[in-house]
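Both of the next two complexes hold subunit A, though its partner changes from subunit B to subunit C.
What follows is the complex of A and B.
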């Protein structure tokens, strides 16, 4: 098991190198000279200032050296300074991160503690009304774009429930309880499509597992249904679900950007969107690098959980 | 060969002749036909394609034309789905938007599948170092959350329809490549390939006659799934302002524009969203039924 973790960690290195190269490469594909973009109108045409700026950003050196500097800085946690505000990018990201973390946690709680049980329920009651209803709901839920759902929620709450706490954000430091309360609805909206998907996945996975011979054997041996369920069925049916979760995390991260946009939450997603609008590519590249690193790490954790559940794949 | 099954063993009512041997594609079609949801989904998709093709003849008004006197009206006899702040008929815009969605989804999937097939074939068939390098590169693509990757590409290339198509294709091509590679690898090892090769068949014959047919069904399944994803992501990108630009009537863009007047004109928010749901649902249902039909494991049930 430890060897497996170690091996997976090793594969992270070439992947992250590739990711950083891809990000850096697209950064430099931007049409237009960066210095001109940064300088703006005031000092346009002033060659000396332009030259100085160029030197300070290492733009006069060949690309692979620029990449080296960028990577070295990034590994130290220095993602550069924003073009528009001058503040360190890392600081801007970290100050906004808590919102995202909360949203992700809330969404994952819904997905894991509501999705998986519902999926199992749906499987056990396979041909009943409950199952049918859940199947319809989840098929719809998966097709509804979460940004539309978010917009509808905002619409409904502003029209009919003036008191519904959806349009506000209260920082954690001010009032932890209300902070979480106000994030519940955005978190749920974020989770919706993944939730539907997980319910269906769990359902089909449980159904497959229930058909397996070893379940029949366990029952024939006289084990109580409860033990059969929790030991054999649960662990084995979770395996495909966990595989899927890894990919869904990526979907969720994307969904964060959309949800934040609609609910106007001060998270990293909005940071990226605003930065793109303002052509502040320092922020964009820094935050995308950051988010990708987070994503890859989360995937690693999911893989480890997967290896924990399924001894067959450890090597 | 693997999947020829006697007519009897497929459960359910059938009016086929007894003991008729079913080829794999016939079996797939039979299974597909029986899934009612899949039929509904396919009809939905066909409906959308029809609208995309013939939208110009159906839409009551020009989608770009502003009737400023009639702005922000609710659904009425004159404007079936209401108008927006510029007085543009929403129904016509939605109809026209269908074309955008269809073009982007089919275009990007076609591109992604084409690229994926080529990459997957090369990687799987020639193996060795080429394979390792390509797989590493694909891993890098997989390391990105999809929306972020599309977002960064559109941000760099510029927000317009063509770049959205390209960006979505880029995010999906790695998936196709992996699937194709898997298929190629599984067929490559089979004995009949060795046999054919030993009588001197050239590579391209082997690829086209034996490997490609096996690759087709996973590609179709993946492509259908990808179609619904593409529609969703085009709408998402347009919603964020990173996709199609005004005055194009793309559904996502219409949703975004509706936000300002949401409270006084809720119909502007509801109908584009419903269109997106309709399209995604149609492709999803069709894709699910296709997957059930083409998945060899389920053939025995």
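What follows is the complex of A and C.
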């Protein structure tokens, strides 16, 4: 077990190196000049001022030197200073991270505490109306792109259901209850596609488990359905579900950007979008590196949990 | 079915727009008393790129700091000038301005405003170390002398007619000498004399502006302050306006503005039509080096069709200077009579034949989806040109690349809209003067150069206006570029409870200083 964890931790190094090089290199391929955007919409600027700006931002040095400086600092936790606001990138990310963490937690709560029970319900009530309805709804939930759903919710909340708590962000320090209230709907929208997927996954996994011999045996032994459910079915069905959840974390992180954009939440996703538009190189590379690290780490944790759950998976 | 759909939509929108325009007239001169107090939420669609008024020139930045800084003069609702930090001014001769400054004004940090700050401000703007991108507007200033703590004398090296207009914009924001000497940079320190203090700034999220209790223009401002939040997504911004989460927000699209007219708790304010659409040509190579080709192109365009279909009727004709650049722009009636301003395919084909292109020619137009009207306008133009045998290819590029192509002269023709300028000069002189280094087209017309040089130093307003009328006619005739239409840059949508507020022609929201909330 320890060997397994250690081996997985080692793989972090080549993964992160590759990821960082990819991020850095890709951003340099984006066309358009940072200085142009900084000089504004009006094209009256003089080329001399632009050149000065370029030099002061280190944009005239060769790319591998820029990468070297950046990586060295990143390893120390210093992601550089934003071009457009002068603030340290790490500080900007950390100040906006709580929103994302809350959204992710809310989404995960929906997924786990709504998805899994619904999936089990669907499996137990196979061939009934409930099952059919759930299957249809989850297909829709999975197919609808989450930004479209988000825009739809925003539109509907402004035209018909004005009382829906969206489009405002109230900091946790100001009013914790309302803060959570206004994040519920965005969190649910974010969770929708993963939720649908988990319901279906759980359903099929439970269906499989129910057909297993040991379940038949347990029932034959005279155990109550409740015990059969909790002791045998639940634990064994959850194994593939946990795997899937691990993959879906990436989907969730990606979904954060669009959800934030439409619901106007001050999270890291919007920070990245803004930085891309303003060609704020430091913020973009810094925050994508940050998110990638988070993603890789979360995946690692899921893998380890998985190894605990299923003794068959070890190195 | 499809044939009738578009005209029907256009017609109903035009009718709705016209009807609502009559019903919601902007000049509601109510004798209501302004009420003190209340907090507003204002939304914008971009975030600041630095906050120093002499360095961060992007509109995204000025829309933040314009509430905190003031200049010697300021604009009224109708874009005329009135005193601000200067109570009066004299021009003893063509090269001298003497400003009498307002007494008793304090900066947000308690420091006194005196002539020292004025001299310091303009010297800072002109200092090459500051790298002020708007320096060129002030380069005619030769010397600034302090006559007494509240009197400043500006001596120009040559007559500079735009000076007062330019001094009224945020380009001439007066900064505190003490603050700059203490902090070095104003990119994050915002200390001005304006009606609001920047209490908190979260990059990309919001700014919190608080009422400055010691503001000189008492009892303004009436509101206690406002949150300035960034909502990039148009749908979300409009939804927030509808729900009352946001009190003030703008849209760029004429179509969206006309949709909002139906809302009972919102009203639409529009500013002067100073956002010109421009089609630029590279004139140092065929086919655009031939004036007849450019004239032919101008003659192919049905400007009204573009205004009606692309802009939903919310636009007007333009020459090199928009009508709303008062008092220099020609009137709409005069513009309609200019040469090549009416669609005339016979004339166009004749000119093309004379130029040696009897069967038309091909060219590429670069534009960007950056603004919602660019591509539709290009498509309408494409259709209009085709009837004369001119085949225009549209190349859609990212906004950053479009600007880059423009500045490096790597284009056949390129189209994008401009912004407000305080003086007619800025709309065309630097682009077409042969000696200008912002002339990316290779344009060289000695007669035009002479006309440009003459207006540059004409202090007498009447004479200068006449020169500009002549210039507009001459440029319509020689077609260095085409200005198919001009429109208002933004439509401000406000909640019904917001009173006495208007968006200025230069997209400035400084009139928030006089706004009050009807509770």
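Just so it is clear, the second predicted complex is superposed on the first by the 273 of 315 C-alpha atoms of A that agree within 3 Å, B and C clash if a C-alpha of one lies under 4 Å from a C-alpha of the other, contacts with A are read in each partner's own complex, and residues count from 1 in each chain.
To be clear about the criterion, a contact is a pair of C-beta atoms (placed from the backbone, for glycine too) under 8 Å apart; a residue touches a chain by one contact, two chains touch by 3 or more.
Every value quoted in this text rests on a predicted model; they were computed, and no experiment measured them.
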Worksheet item: Which partner does A:158 reach: the first (subunit B), the second (subunit C), both, or neither?
Response: both
Discussion item. Quick one: is A:261 in contact with subunit B, with subunit C, with both, or with neither? Answer first, second, both or neither.
Written reply: both
Practice prompt. Considering only touches as defined above, state whether A:62 meets subunit B (first), subunit C (second), both or neither.
Written response: neither
Discussion item. Contacts for A:87 in the overlay, against subunit B (first) and subunit C (second): which applies, first, second, both or neither?
Written reply: second
Practice prompt. Name the contact category of A:273: first (subunit B only), second (subunit C only), both, or neither.
Written response: both
Worksheet item: Which partner does A:311 contact after superposing on A: first (subunit B), second (subunit C), both, neither?
Response: neither
Practice prompt. Mind sorting out which residues of subunit A both subunit B and subunit C touch, each in its own complex?
Written response: 151, 154-155, 158-159, 261-262, 273
Worksheet entry | Touch list for subunit B against partner subunit A, complex | 37, 136-137, 139-140, 143-148, 151-153, 155-157, 228, 232, 235-236, 239-242, 255, 258-259, 262-263, 266, 269-270, 272-273, 276-277, 280-281, 284-285
Worksheet, complete the sentence: subunit A contacts subunit C in the complex at 31-33, 36-47, 49, 52-53, 82, 84-87, 92, 95-96, 151, 154-155, 157-159, 162, 167-168, 261-264, 266, 270-271, 273-274, 278-279
Practice prompt. Give every residue of subunit A touching subunit B within the complex, in rising order.
Written response: 11, 14-16, 18-19, 21-23, 26-27, 29-30, 139-140, 142-145, 147-148, 151-152, 154-155, 158-159, 249-251, 253-255, 257-258, 261-262, 272-273, 276-277, 284, 288, 291-292, 295-296, 299
Worksheet item: Touching subunit A in the complex: which residues of subunit C?
Response: 47-50, 57-61, 131, 133, 136, 187-188, 202-206, 229-233, 235-236, 238-240, 242-243, 245, 398-401, 403-404, 406-407, 418-419, 426, 430, 437-438
